[in-house]
Every structure is written in C-alpha cells, then in structure tokens.
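As written, the chains take the letters A, B, C and D, and residue 1 is the first residue of each chain.
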Amino acid sequence: MTTAVGPVARGRGLAARRPLRMNATLAAGLALLGALVLAAVFAPLLTSWDPIEQDLSRSLQDPGNGHLLGTDQLGRDVFARLLYGARTDLRVGALAVLFPFLIGGALGLVAGWRGGWFDLVLMRVVDIVVAIPFFVLVIALVFALGSGTRSIYIAITLVGWVAYARIVRGEVLVAKEQEYALAARASGLPTYRILLRHLLPNVVLQAFVFSMSDIVLSILAIVTLGYLGLGVPQPTPDWGSMIQEGQAFIFTKWYLAAVPGLAVVITGLALALIADGFVHRSGRR
Amino acid sequence: MTALLEVHDLNVEIPLSSGRLHAVRGVSLSASAGQAVGLVGESGSGKSLTLRAVMDLLPVPATITGGTIVVNGVDVSRMSAKQRREHLSSAMAMIFQDSLTALNPTMRVGDQVAEVPVRRLGMSRSSARARATELLDQVGIKDPERRYRAYPHELSGGMRQRICIAIALSAEPGLILADEPTTALDVTIQAQVLGVLARLRRDQGVGLVLVTHDLAVISGTCEHLNVMYGGRIVEDGPTGELIHAPRHPYTAALLRSVPDPDLPVHRLLSIAGAPPDLLEAIPGCAFAPRCPAVIDRCTTEQPPLAPIGRMRASACWRAHDHEHWPPDIAEPAAGEMRA
Amino acid sequence: MRYLAYVLRRLVATVPVLFGISLIVFFMIHLVPGDPAKTLLGIRATDKAVAALQKSFGLDKPLWEQYLDFMGRLAHGDLGRSFFYNVDASELVSGRLPATLWLVVSATVLALLISVPLAVLAASRRGSALDQVIRAVPLVGLGMPAFWVGIMLVLVFGLKLRLFPVSGFGDDVAGHLRSIVLPALTVALALTPILIRSLRTSMIAVLDSDYVVTARAKGLTHRRIILSHTLRNAAVSSVTVLGVNVAYLVGSTLVVERVFALPGIGTLMLDSIFNRDFAVVQAVTLVFAVMVVAINLLTDLAHAALDPRVELS
Amino acid sequence: MRKPIAVLAAVTIAVTGLSACGSGASDKNDTSGGNGAAAAQGGDLVIVRPGDSVSMDNTMVFSNASIWVFQQMLESLYEVTPDGKDVAPLLAESHTLSEDKLTWTFKLKQGVKFSNGQPMTSADVKFSIDKARSTEGGWEFLDVAIKNIDAPDPSTVVITTKYPWAPLLADLANFSNAILPKDYAGKSKDEFLKAPIGTGPFVWDHWTKGSELKLVKNPKYWDTGKPSLDSVTWKLVPDDNSRNVQIQGGQAHINESPPFSSVEQLKGQPGVKVDLFPSTKTDYILMNQNEKPYDDVNVRRAISYAIDREALVKTLLFGNGEVANSFLMPGVVYYDKATPGIQYDMAKAKEELAKSSVPNGFTTTFLASSGDNTDQAIAQVLQSSLKELGITVKIQNVDPSAAHDLQNDMKYEISHSYWTMDIADPDELVTFAVDPDAGSKSFFTGYRNPAVIADVKAAQKSFDPAERQRLYSRIQKQAAEDAFLAFLYYSPFSYATSTKVKGFVALPTGNYHLEDVTLSK
C-alpha cells in the first residue's frame, strides 16, 4: 500500500526551523484566499441583496437591473448567493478538515509513539478505509447519516482522518528515534509532554501542508454532495447546489452553473498555491 | 566510592527476519561519581547499544535479554517501565552525538534547558529560568540571557553541544552518559566541549560514561577504559596502562590504527578484515579471524575476561604472552587507513 | 516466478482488508434509513406484503445474522441478489464494469499523454517562463469539481461544437471511444496537475544526477538523454504518484459517470443507494475496493519493473 | 405519493376498425398514422428517459418506466379513451351487465393470438385476472369487488362482483389486469418475466438493466399492418440536459420528460417538437393531522391561503400549468370546476390563523426530498410565504426513498407530494385521498370526515352518472373546505420529440401507445 491519500504528492522532513520566507506562489495563494475570505466576511457590504429572500415575480432575470449576475429561479440575487455561498463553503470546508486533522493527527501520534497492538490495529483500519474510494465512502456515509452539515462533518471526518493518521504516524516513527526525542525521554519528562511539546511541533507541519490540499478536497466533496442534493440544506446558499440548480438552465443561462463552479476553482487554486508555496518554502520539491 | 552504575552480564538482542542479532554479549561495567569511564570500539561493537540499554532507550525491536543494571544500588530491571524511567532519569542524563538533531528544533534552547526543572523538579518558571541561565553560563555560553531565546538552528555546533550538556545537567544527575559527544565537532571545539565535561567532573563530582570510537578523546578524558569488540568487553583497565601496554591484540590494533594523535584530522578506525557476524554463534574469540596473534585455541574456545593485574582484565588466551605476539601486529594494510 | 509469488502474497494480504471493508459497508448501508421492501412495493404496499418481501430478502433476521449470510455467500463467490432488479448482483456488476474500466484506463492514458510531454518540456527548460506556465496552469485543475467540469465540457463540446456525444456509452468499440472522450478528459484534468508536477520534479532530480552528467560528457544529444536516461528513471517515482491518484480517482468516476450517463458501476452504486438495493451497493463497494487494491498492486509491480533495484517484499 | 403514474390501456388508434370505438378518434388517428405509414415504414425508435424499468410484473409494479414498456406487449380487455375519461373495448368485443348489477358477461375479440402463436381464450383471461387479484402488495386493490371469474366457453368470460361496482370496466382496463397466456405458457413465473408474452404490438428483445431495454415488432399482431416501427429502444439518460441534447443531435427521437425549464429553449430548436399533453398530474402540500397544530382546520386553511399558486405556476412550471382548485384534476371525469378551492389571499390567511389555536404562529419542519428540485423549490417558497404569518419552517432534507417512507409512516409535519390517475374513474384517487381506512390514511394526512367517507362509498355503488357527479362534487367541495391538502397546481406531461416522429400521443393517465407511431428517415 502506498502512503499518500488524495491527489497531492508529499515530501518529508522538518521545516519549522527554517525562517519564514515568502515566495511568489505562497503570496499569490494567500492573496487569493484572503480576497475570498474578505468577500465572504464582508458580503453584506458588497451586496445589498439578501441571499435567501425570494421574489417570485423576478424569477430568472438577466444580469443587470441591480442584479449583477441576475436572479435564480426563485428570484434571489445570484451574486449575493455567490458571496454568501463563499461563507458556507469556506467555513464548512475548513471545519470539515479540522476534525480529521485533530483526530487523525492524535491517533497517528499515539500509534507512531506507542507502536504495538494499537499501531497494528490502527494501520489495518487505515488500510481498509483507504481501499474504499473517497467519494464512494463519503457519499455512502452521508446517505447513511442523512443529508446536512453535521453529516458532512462526520462523513469527511470518518474518511479523512486516515490521511492524517498515516502522515503523522510516519513522521513520528522517524522523529521519535531522533536524538532530541531520545533526549527528552532520557530526561524523564512525562509522555504527554514529550508527545505534545517535542514530537508534535516537529511532525505537524507535514500534516498542515497536506491539510491545505485537503481543504480543496473537502470543498470539492461538499460541492459534489450539494450537486447530488445531499449537501448543505436549502435555502443556505452553497456553490454546489447553485451549480445543481443552474444546470437546468445551461442552454439559456449558462453562467448560473458556470460562475459558482469558477468560484470553487478559484478557491481550489488559492489553496493549491498555498500548499505548493509551503512545500517550496520548506525546501521540499 | 560507591558505584552509581553497575552493569552485570548485559545481553541485548535484535530480532530480525534473518535471525536474532546478538549485539551485546555479557557486558559488565561500573561507573562512580567523579569518575570518567570510556567505552571504545568500532561501529557495530555494541558500545552505543550498551549505553542505550542502560538508559532504557533501546531502538525497536532491540530488547535486553539478560543481565542486571543497578543504578544507585537498585536493580532497575525489576521496576515497572514508569518507575524505571523515573529512577534512571533522576540518576543519569544522556548526551548525543549530533547536537542539531538532539535539540528540539521548534523550541527555544533556554526553554529546553528549563524544561526538566519545571516539569520534573517542580521549580517555578522564573526560578527554572534563572537556573537555566546559570547552567548556560556554566557550560561556557557567553551572554546566556540572550542565547536563552535562540532556536537550535541559530547556534553553532559547539554551542549546541554545550546546550545539550546544560540540558543534561539541568536534571542534576550523578552520572552523564555521553554517546560520541564530540564526533560531529571539529578538533578545537572538541577540546572545548571535553574541557567543559572535565570541569564539571572536577568541580561538581559528576560521573561520566563516554562512548566513542576515538581513542584520542578517551585518553585525555577518562581514567578507566573498556574496549569492546563483537558485543563483548575484550579489555579493561586504567587508560594510561591500556594505551601504553595493551594486553589484547584488538586494543593494540586500535592503537596502531590511530595515526598521529596530534594531527587535527578526523580519526577513523580501520583494521584489516571484517567485524564478526553477530547473527551467528561465535565459538571462539570473535577477533580471531582478524587477529595476527591467533592460535588454534582462539577459534574453538572463548577466552573469558580474566584479571591480568591490578584493576586490569583481558579476554585473550595470549594476554600473558604478549611479548611473543608478532611484531607487525595490527599493521594496517596500505590505503585502508582512511575511509 | 518472483512476480507470481509476490502477487500471491499480496492477494492473500488483501483478504483481511476486504473482510474489513465488507464489515464496514454492510453495517453502513444497513444504517441508511428506508426499507428496500417498501421502496420496491410502493405506496400501496400492505404491511403484510412488506413483511413477506422482507422475509424473502432475509431482512427480517437480526443484522448480525444477515451479515453472516452475506459472508457465507461471499465465501462461495456469490455477491448476493439485487432486490430491485431481481438478478444476481454479480451479473449487474459485470455488465457495468466495462464502462468503468474504460473510463479509468482511458482517463489514465489521456492524463499521461497530456502530462508527460509537458513535464519533459518544463523540466528541460527549467526556470523558464514556459516552465512557470506549465507548473502553474494545471493547478487550476486541482480545484475543479469533476461534475462541473463535466457540465462545462458538455456545454462546449457537446452542445456548442457537437463534437462528441454527451452521454451514453456507444454500441461498439468506435462508439465507446467517442463516448469516453469527454468523461475521460474530465477525470484526466484532475489527474494531470499532480502528474506534471511529480514527473517534472523527478526529472529535474535525474537531470542533476551524476550519470546524466556522465551521459552529457559522453556527448549524447539532449533528446537522447531525455529519452533513454531520464524518462525511465523519472517514471519510477511518478508511477507511485500515479497509482495513488488513480486509486483516488476511481471514486470520482462515481460522479463523472452520472454526469455523462455512462453505464458504469458508479452510476449503478448511486442508483442502488437510492433504491436501497443493499446487495448491489455492497457488491459495487467491494469491486471498487478490489480495484483500488489491484491498482496499488499494479503500481508496485510497475515500480519493480521500471527499477531493477526495487525488491518485491 | 410520488404516486407513480400508472397507465391504462391502449390508445384509441389501436382500436381503429372496432365498431365500438368512436369514429372521431379513429379518423384522427388514421390521419396521423396514415400519413406516417405512407411516408415511412420501420425504423428503431429511441426513447430517452431518466429512470430505468424495474420489473415486467404487471400485477406488482408501480413504476411508470416499467408500465410504459410492458404495455407495448401486454393488452387488457378494455383501454382508456384518448380523453382519459372513459374506456373502450380492446381484447373484449362487448359486455352485458345483469339486472342486479352483479354479473358481467364479456365476449372476447376473435382471432387474437399471443406473440408465441397461441390463440387468446377465456381461460387466459380467467388466469390473468385471478392472478392479478390474488397478489399481495400489488394492484389487487382494484379487483377487490370481484367475487368470481368463469370461462363458460373459449370466447366468453363471466365476472361476478360482491356488490354493485361501478368502476369495474375502468379497473379491467388497468395494465394489472392485462391478459397473459394461461400458466405463463408453461414457464415458471420468473422465466416468463424475463421475456413476457402478450397480445400486444411489440415483443421482447432484451434488457440491459440500468442501460437500455429493447422491444421488436410483433409480426403476428392481430391488428394487421401495425405496428409501423421495427423496434423500440428505451435508453436510460438520467441527466436532463443530455436527454435534450440527444434529441437535438438526432441520437434519440423522444425525450420522456424534458423539464419545464427547458421547454421554451427546446421549442426554438430545428427538428424538435415539444408537446404538452393534458395530464392528470396534481401537486399538493400534505399536512399531517396527527401532528399539532395541523389538526386545526384554521391552521390548514391559513397555510393554504398563504400560497401564491400563480407564482408557483409561473416560476416552477414556467407558465405551463394551471392553479388547482380541487384534489381531482380537470382530466378526470366528475372533476368539478366550480369547487371553491382556496386561493392565494394573505389577508384571509392571517384571519384564519388568528382564529386558530396558534394565532401567533409556530415552528414546523418541512420534509423534502434531497436532489428533487421541485421539492426543494416548493419547500423554500413555502418557508418564505409562511414567514409572513409568523410560521417558521425548517427544511429537513432526506433522500427520496427515505422521504417516501417517512410520508407513508406519517412521520412528518408538512410535506409535498403529487398524484396521477391510473384508471378512468375517480374512485381510485378519491378513496386513496379521503378514506383514512383504505390503507393510505387519507393521503397520509390522517384526514377523517365521516360525511365525505359516506359519499365515497355511495359513489362506488352508483351506476348513474348524474348521481355520481353530485356525490363527487360534494366530496370535492367539502374536502376543499377542510383544507386537508393544499392543492397547488395541475401540470401537463411534457415530451420532446424529433420531427421525424409522427403519431405520438401521451394519454392523460401518462401512458402512450407506439403501434401508430411512425418514424421517417
């Protein structure tokens, strides 16, 4: 079995000790993401429309007349839905990565440190989860749990933790034989202290870099679930359901499906640039 | 003088897919306060594993399969893992070869020195900080207040090794186990670091077990020397006597392989022939295949580490017969001097 | 012989993984609310009829007993029976598998066709503007939802240009080929950025290595060096990356097949979840898992074939 | 709910030549069919559809995608007339009804053969209907009034009923009572269902599940000269856009259900024709009377008043529909246009709510099917409309299968559903909708009005059209006043066809007949 999960290759090594050096890739990614986050946060300042207020008499208006991107089938402002959709998708995407990061990271840390049966069992479970394709498992889980944000978090956590467990475990296996870890053990520090203060900061960067690309994955998953009608429940604006709704009008109003898709692409690009920038910064190519 | 550390008949084995590697085979040694003991041998001789075993830091899957380790008069092999860790780390501290990897790269060095006082000795943060600064000063770091806030990668190798010594001292141990502490440093810095260790021993009565492959380091630092080969101690005794009159052909070979001790080069051992395969049972003396003084008995019967005088012992059938050893003993083959 | 023994060993090692998967899938799918008997019988169904049907499906037994039945059948190579279509699940799956395999294979081939030349170009003009563009542009592909790409490709190639069929799988090999272009491109677009980057990186590492310098010193042409000395060596590390990501993308075929109405096991799985057709969902998930395991195995074999130093163990 | 549209019988056209059939209908069919037949013969008609067939078991299946297929192979004694309001003989030639209205005697059409060559006789009819009425969980409820079936001679069938039963002919016209060869022509049921045999214009070819199903022409079809087509292939194309593209690109000839959102655009395409056939499809808001406060008629009326149906027709149907005033639909006999249904009026909505047990509003949960755009839109429109009344609507998204279960188990508060007629008599729907003891708990709302239930029973037993009209009008009026459902709109069946296709008609019951369809090259 191979190590990485998801479509991003990974390197290894310690990087935190290198001074923070900005590079063009990282800067571009951060700028792009910053712009998206700002647009989401200041959405009420950027548009005066309420993203969920309907006006059935103004259904499917063309862009113009105060509606930058026109209106959807229920007469809601598409631009407002796009902005508020950024709130939903960025928040859910990031949170959906936080839980697997924490849980997978903790399990990987303990497994790598303790070894033995815990490690053995955990890695067999990882093998099993990894063998089921990501989308297959997430979609099946959301079905099992019922659609909604909570289910998205649970499903992505149940599937996503394995990547972090593997990464952190692998790093811990190397790090715990490093002399600073031996020194910490030799000096009789309590285990939790060794794990949290000595090992964790040295192994977490790799997981963090991975999490950047993982957020892309989780946003893609959320949007795909929205497309399948299993995502963030209506009327909360979400890019996936916007694409799904817009698909019905692809012949006449192609931008209804195209624009929210572009928003996803830009978000993905921003995060990919950041991940890439981190890899470069830490001297790993 | 009571022994702080007494190791008796220690055995360490490493289970591998190709068999059990018997890496340490019945090693005994002791160390006392204020005394410096050297453990010398080629890489693979088991010296580092012995040290790791003493500190309960054996790499997975190596395990202790026999012998006793008595620290401060208590046999630690009977203790629970937690008790043992507590007992060992209050009595001893350890220093590693590569000071860069021996320090946590994500933590300020001062905090690393202050960590044990806070976490284990129960000092307040401010007094631990003061103690750490004092320790930094003791190991010869200038401007300790400022260095306190540095990260390891911002310091030089020598400085980092001093930090490691300060960390070791912070636990107030009776004994410091040092695993090749100066190998990664250049000679002038080596001398400084060794000087720090010597001063600590003199001023504070800290004992020292020094593992190295470098006889030059040992000769200036330790009173007593143990030479290891193939997982066993083959000769031990006072450093001066051992160096001037080795009673084991391997010790002699080691001494010959050191070129000029005054030359400022990295000294690497090189003796003709290959070290023994520790996966196999060795019927006679492990050094026999490489030994120029070999006799028939050497290949069939294992020589015990037997006393050969005051405080000296050698594991050679011909220890008392050293005048008749071939004169070219351990003459290195040309070109194998340096790797 | 060396390969055969290795493959056998790997396959044996797969058994516990598949067992675990069956356990997870079985209990997960039975957690899904909704009763297959009710779904099948519709709104007029009497409680009695539902109960009778549940009994005939074995759904009236406790869950663990159903699991044992399932495993018992599985041990005999029986994947169970579709409640919905009343045929063997294995029959449904084998009828649908070709489309999915076509998709996975052609997407991989397409991705390689796109990324190898670009990576070679980027690596040999390292640092140039061209290199920057080749590295940056595919990053866009990382964030593209497969279904959205599918819709956009349909819009452009299917509706505006009318170049390719927008759905279905054709009736013969030529039809399959035409039908598979857009779905394969959709999947390949997600794969290329990763491939380009890993291939470029490893090519650069190889180009910097001593033996390439030696080859240069021998006076070999740039083209010769790229073709005979670097590509194979660079491929060694990229094969692993390819393997991992193809395994990942197997899952995204689920969505792509739906967008393009490809009759593959992905659409079968989605339909079966909607229909609560437990046996089929289980069967498809197992097949997906076997595909992933097989891809990993192939990756390792390819790795060994490309690099004589690799030991299979 | 998600009441699958089931279909009855063959198009009138199929009956051309029968004296019993209205000549008007016959002429019309001859015109379209005749032209086509002159211009072209043969061809493979490709129909693209969003969902696959489920089973060929006509006595059990509720899925339209299945029914519309096997109806090309299996025929019943009667069939629904093109207006959807009556039935005409198909495999029967005529019938007589006894004085006591309990004994029906049918004469069978002569010379009808099954596609395997075996002649169709009264023994086959008895076998088929006995089988249909003895199934469980299928369509046997239509045949509950039947007491006994006799086959005194090969061309005569006698059916006796337990009590006078007006809808019998309509029931017999249903596909579940289609005529199969006796004892499945010697095969096991499972074997038979893998390749069904009937008297219809097409015979079984193959079915690749989840992909396509093909039937080919029955050369021995009793109505000589038909069908014109060589074969029909139904292909599964779940994506709405893809189906439309295939029609435009000529890869397919008929799109079974283009969404209303695409109708306008499709009409402008060369080579494409869009038909909106009058249907019996009606959409409703369901309110569960077992849950408070929906037991309060004022609450239900308030909600019903708060829905802007005109706006729904405009935005969801793109104008292709009508506002509903009754739970019966215009395509059904006895529908009463004068029923005073509740229409959009916010002032009245507020008035009703003020009179109710929850004058200041309440919080409720709307059960919606995920992935179903209509459901989602209705849920959101309702959420927005009811906000004005102080009613907070939370939307619970569940996948369609689970939503279906929750509705049927009455584990919901408020939800959406629709219905289409299966037979040419309102009894099926009326019983389903307002008789809580008929198994469907009054459309799963728990609605119970004894006066209405009594009228339903009386209408089943009356053979007098005027009397039945009076009863059904009274039921519709009372049901509307009780606001047991909030009726939304009536919508047509949409079909996009290639202009190469001639003679294609969908009946108000949703089904279609392909023996008169022609395909030009």
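Please note the rule applied: a residue touches a chain if its C-beta (ideal position, glycine included) is under 8 Å from a C-beta of that chain, and two chains touch if they have at least 3 such contacts.
As the structure is a computational prediction, the values presented were derived from the model and not from experiment.
Colleague: Taking each chain's centre as the mean of its Cα atoms, which chain lies farthest from subunit B?
Modeller: So the chain farthest away from subunit B turns out to be D.
Colleague: Considering only C-beta pairs in contact, identify the chain pair with the most of them.
Modeller: Maximum number of inter-chain contact pairs occurs for A-C.
Colleague: Taking the mean of the C-alpha atoms as each chain's centre, how many Å separate subunit C from subunit D?
Modeller: 41
Colleague: Any idea how many Å lie between the Cα centroids of subunit B and subunit D?
Modeller: The computed centroid separation for subunit B versus subunit D comes out at 91 Å.
Colleague: Using the average of all C-alpha atoms in each chain as its centre, how far is it in Å between subunit A and subunit D?
Modeller: 46
Colleague: What whole-Å value do you get for the distance between subunit B and subunit C if each is reduced to the mean of its CA atoms?
Modeller: Roughly 54 Å separates the two chain centres.
Colleague: Send over the residues of subunit C in touch with two or more other chains.
Modeller: 32-33, 151, 154, 159, 258, 273
Colleague: Could you list the positions in subunit D whose residues touch two or more of the other chains?
Modeller: Only 241, 398-399, 402 qualify.
Colleague: Which positions in subunit A are in touch with at least two other chains?
Modeller: Only 143, 146, 228, 247, 250-251 qualify.
Colleague: So which chains end up touching which?
Modeller: A-B, A-C, A-D, C-D
Colleague: Touching residues of subunit D toward subunit A in the complex: what are they?
Modeller: So the residues of subunit D in touch with subunit A come to 240-241, 244, 259, 261-262, 264-265, 308, 311-312, 314-316, 368-373, 376-377, 379-381, 383-384, 395-399, 402.
Colleague: What residues of subunit B sit close enough to touch subunit A in their complex?
Modeller: Residue list for subunit B touching subunit A: 55, 57, 59-60, 85-86, 88-90, 92-94, 96-98, 101-107, 115-116, 119-120, 151-153, 164, 167-168, 170-171.
Colleague: Okay, in this complex, where on subunit A does subunit C touch?
Modeller: So the residues of subunit A touching subunit C come out as 1-9, 124-125, 127-137, 139-141, 143-146, 213, 216, 219-220, 223-224, 227-228, 240, 243, 247, 250-251, 254, 257-258, 261, 264-269, 271-273, 276, 285.
Colleague: Can you list the subunit A residues touching subunit D in their complex?
Modeller: My answer: residues 52-54, 56-57, 59-60, 73-75, 143, 146-148, 228-230, 233-235, 244-245, 247-252.
Colleague: How about subunit C: which of its residues touch subunit D in the complex?
Modeller: Within the complex, subunit C touches subunit D at residues 32-35, 38-46, 48-50, 52-53, 84-87, 92, 95-96, 151, 154, 158-159, 162, 165-169, 258-261, 263, 267-268, 271, 273-276.
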